[in-house]
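The structures considered in this document are given below.
Shared between the two complexes below is chain A, which pairs with chain B and chain C, respectively.
Presenting the complex of A and B:
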């Protein structure tokens, strides 16, 4: 039974509750996320990078996949988080958890301020505005080299042990556990938001931005709220990156990062909670496997992949799988009534 | 030469290049609402055609320009028929992704064929040097640029304002569905406009080598400038594109000359303020 059919037969509360119940595949996914500790201990650094990127993709999914706000400059918030955590450490406060919170707050504050602009525009103007915010911040960070270290990146970041106990090790055990724990906690939050009436309103805005105000939904206020939340999550992802790698560079807020995360999200399936995760895993593992390849040629394949995904599976890997599943279910002969 | 005039002159020449590279995108965007981020890839193609013809085959610079125009036009119409036409109703996100994919592929292809170095181009001697006009030393090539772009602008405006084809284009930009209802073959019209726009971009790219340089990142670097011109000028407006291109060219040159520390920040700031002030652009109606 499709979700719309459920909504027709039961009340709204039951509908939301049915949506929010945990599926077996979700539990399996999170258990599988623990496997790298035993199966691939040499790849834990990569795994921690994937978890961080997945968190970033999740935050983009919140605005792009669920609310229909196209952003070509989401790395701005990631970069603010990365530099906030990095600068705190350089200035003598390397405690990771408070660093994470402060980085999220800084990115969230910038997100809140920019959300007033974002909520006013749609279509091409919105694309240009988000692109502009990203480029503006990148240039500003490049110019303010006294603060950011400019082209060379921030020097001298040192992250203290988590809770004074868990030292960051060379193999990335702590880093992966830390990143995965943060990812899981924030995922729970995002999952709760998506399955709330507010989340439903966001999807309404995505589907029809004109009709939502007509049924009394404060569209702009909703967009501002979700944009601020997404910015804060992106900031936390950025802080995780600079804390676990102990570097922060301009690359953290460049256009390339905004484009990469968009590619991952589309590849996995936008508007699905696990889309960004699947996309991040596939993209990052592939890039690690082809790391010998010149980055120029890597983007050749990414470009081809983008064209193919948009042409043939516009809903990404997860969307394609769901379609396949539906086809199989439909083609199966039905029991006679 | 007083720096004010020099900066103004350079800015106008630069703005003319930006205009050539963006006018096609503005018109096609206005007609079909198709966000074509690969537009600068056509400009880059024009540039590489000129470089190849000059350096490998020894053609004179001026003779390569029409070839660059036709090559980029042909490439754009092939892409339009093969890919873009399926995405006219697909939403901006899919259009963006498709065309960014094409940008990535074109950059990689250019890097594979030509390497990542700047391409050398040797202008003919009659386009080099300076000419003194009213006490100012003006670079001949930049005068040539301005003259060429002005000629094309006049031809373009004349074609759009005074010919049957131009009237159909204006009708389609104004209201695509109504134009279809009146029996105008908008698909055909769009393919022609797309080819013309791509060709102009190719010509712009070929002319740009001597002033802006040419390497595989061209398709992405100048895409941003072209998008600024289009969104500030207003979709489907030739005059708007010209005004926005001049504004951008002059303010970019002035920013880089007078306040080099914040020059590039200034451009993005100007763009965002302009878009916030007039979301549909200077001359846009929608």
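Presenting the complex of A and C:
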């Protein structure tokens, strides 16, 4: 029980503003995100992939962590974004920024269409439906090899320099800067959503979806909106991957990717904005290190880590840290996001 | 019909062979304080579920004022002013009291669809929520998470959420359920203090509270309306006595 003796005396506006304000730890996080340029210039390709995965995890956090909509098929939207950007390039339009926008629009459109099904279900049914959507799309992409290149992936992607100036280099310098910039901008957007009236409604749906209609909330409409936004962001993440790696393969929309991102988010802490980021960093750095030692054995460690986290810190790494912080300083009423 | 704030006309509902509502006719005139009583399993909560759209009647119609709302989903009925609370707390455990009520105010004012502006820009909504909490003596704990509030205050928060929807008709399902006797008086005092523009129907087992706070009483038994009248008429009615015979613990026969 974190005590609110102090908080109770604070006015409502001040209290809400304080909750939405930037914390020092957030500023530190974003500054630290710049460190790889200086400290680990050989790992910028990995860093760019982490940033892309973090963006993907952020989009899942929006639906899973903040709205309680579980998904095992979120890679479908990532894949649509990846193929949209890839195909645009193959067809002769390798301009990255418009590619991102179009990829986001395509994934958002598919998200909007599927959201009508998603909004009707909860819990176990939702897991099955999202899984089904993911599998369907993967098979469709495999089958349409004339379009997607099928099992071999899409050939001939070439991404033009960003703003006609910044060429993509072998070391991943531009790729990381690009991915990080997009991640940061979209993060600002998501942060804004979370602290909006709509964000509050999403938390209401997560906390007690049954009660929402009794306060007059159009729950399904809210779910459709957030699902569409999350799908568009996932699509942009997918586009970043195909643009920076200049490949798009079935792996981009496979079940493995849906499962991985879910694991990362839970590992880092769902519903905390930064959970997916921390999860992506830990997971991908660990994979990079372990798989160097013994590639087959990698999932053994991940399995072990996952069980340990869920057993001992059910709210993920950030949840555990927040708990620690609460125990140390009991004056803060709310968790840091 | 327009003088009635809420009416149920010939409402029927059964689950398989179990009849939970049989030809229920209810007319609530505007501004009246109604108590809905009856033994357990009489169909009181079911009737609230039917009127608020949580259940669909097999037959019959529900009117809110002159409007037939039988086909409307629950949230549309709430928007039109038909609001309920729950017997078992149905709240948002990790939202603070202020956040919960602000959410309900935002939903009513159509602000909850807005995702591009910060909540802090909605000062009126926050102020209104705070005023509702103050009116129920919850302002002092408005920044606490719901799950950390004592049970009695959670019951009040149920009512606060309902008030945030600006009800014309408020259906309270055992508002004082689980609340110690002393506190339940306070809770009903808060209900009694509600604006006279609001028509109130409450389910309650404690007959002292029923007789003190209701201007009219409806008795339900086995899915049917047995009788309706003033508290004095109900207390004197032999049929009601028969139903409650041997159920002295419920307070009617004493």
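One rule holds in what follows: the second predicted complex is superposed on the first by the 309 of 337 C-alpha atoms of A that agree within 3 Å, B and C clash if a C-alpha of one lies under 4 Å from a C-alpha of the other, contacts with A are read in each partner's own complex, and residues count from 1 in each chain.
To be clear about the criterion, a residue touches a chain if its C-beta (ideal position, glycine included) is under 8 Å from a C-beta of that chain, and two chains touch if they have at least 3 such contacts.
Keep in mind it's a predicted model, so treat the numbers as computed, not measured.
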Practice problem: Go through the superposed model and pick first if A:299 touches only chain B, second if only chain C, both, or neither. | Solution: first
Exercise. Examine A:310 and indicate which partner it touches, taking first as chain B and second as chain C; both and neither are also allowed.
Key: first
Quiz item: Just chain B (first), just chain C (second), both, or neither: which does A:117 touch?
Solution: first
Practice problem: Based on the superposed arrangement, let me know which partner A:128 touches: chain B (first), chain C (second), both, or neither? | Solution: first
Quiz item: Now for A:222: first (chain B), second (chain C), both, or neither, which partner does it touch?
Solution: second
Self-check item: Contacts of A:199 with chain B and chain C, given as first, second, both or neither
Solution: second
Quiz prompt | First, second, both or neither for A:136, with chain B first and chain C second | solution = first
Quiz prompt | Touched partner set for A:169, first chain B, second chain C, both or neither | solution = neither
Exercise. Determine where on chain A the residues touched by chain B overlap those touched by chain C, and list them.
Key: none
Self-check item: chain C contact footprint on chain A (complex, rising order)
Solution: 1, 4, 7-8, 10, 12-13, 15-17, 20, 192-193, 195-201, 203-204, 207-208, 210-219, 221-222, 225, 229, 333
Quiz item: For chain B, which residues are in contact with chain A within the complex?
Solution: 29, 35, 83, 86-87, 90, 92-94, 96-98, 100-109, 111-112, 116, 216, 220, 224, 227-228, 230-231, 235, 261-262, 264-265, 268-269, 271-272, 275-276, 279-280
Practice problem: Name, in rising order, each residue of chain A that touches chain B in their complex. | Solution: 64, 70, 72, 117, 120-121, 123-125, 127-129, 131-133, 135-136, 139-140, 143, 255, 259, 262-263, 266, 270, 294, 296-297, 299-300, 302-307, 309-311, 314
Exercise. Over in the complex, which chain C residues touch chain A? Could you list them?
Key: 52, 73-75, 78-79, 83-84, 86, 90-95, 98-100, 102-104, 106-108, 111-120, 122-123, 125-127, 129-130, 140-144, 148, 161, 164-165
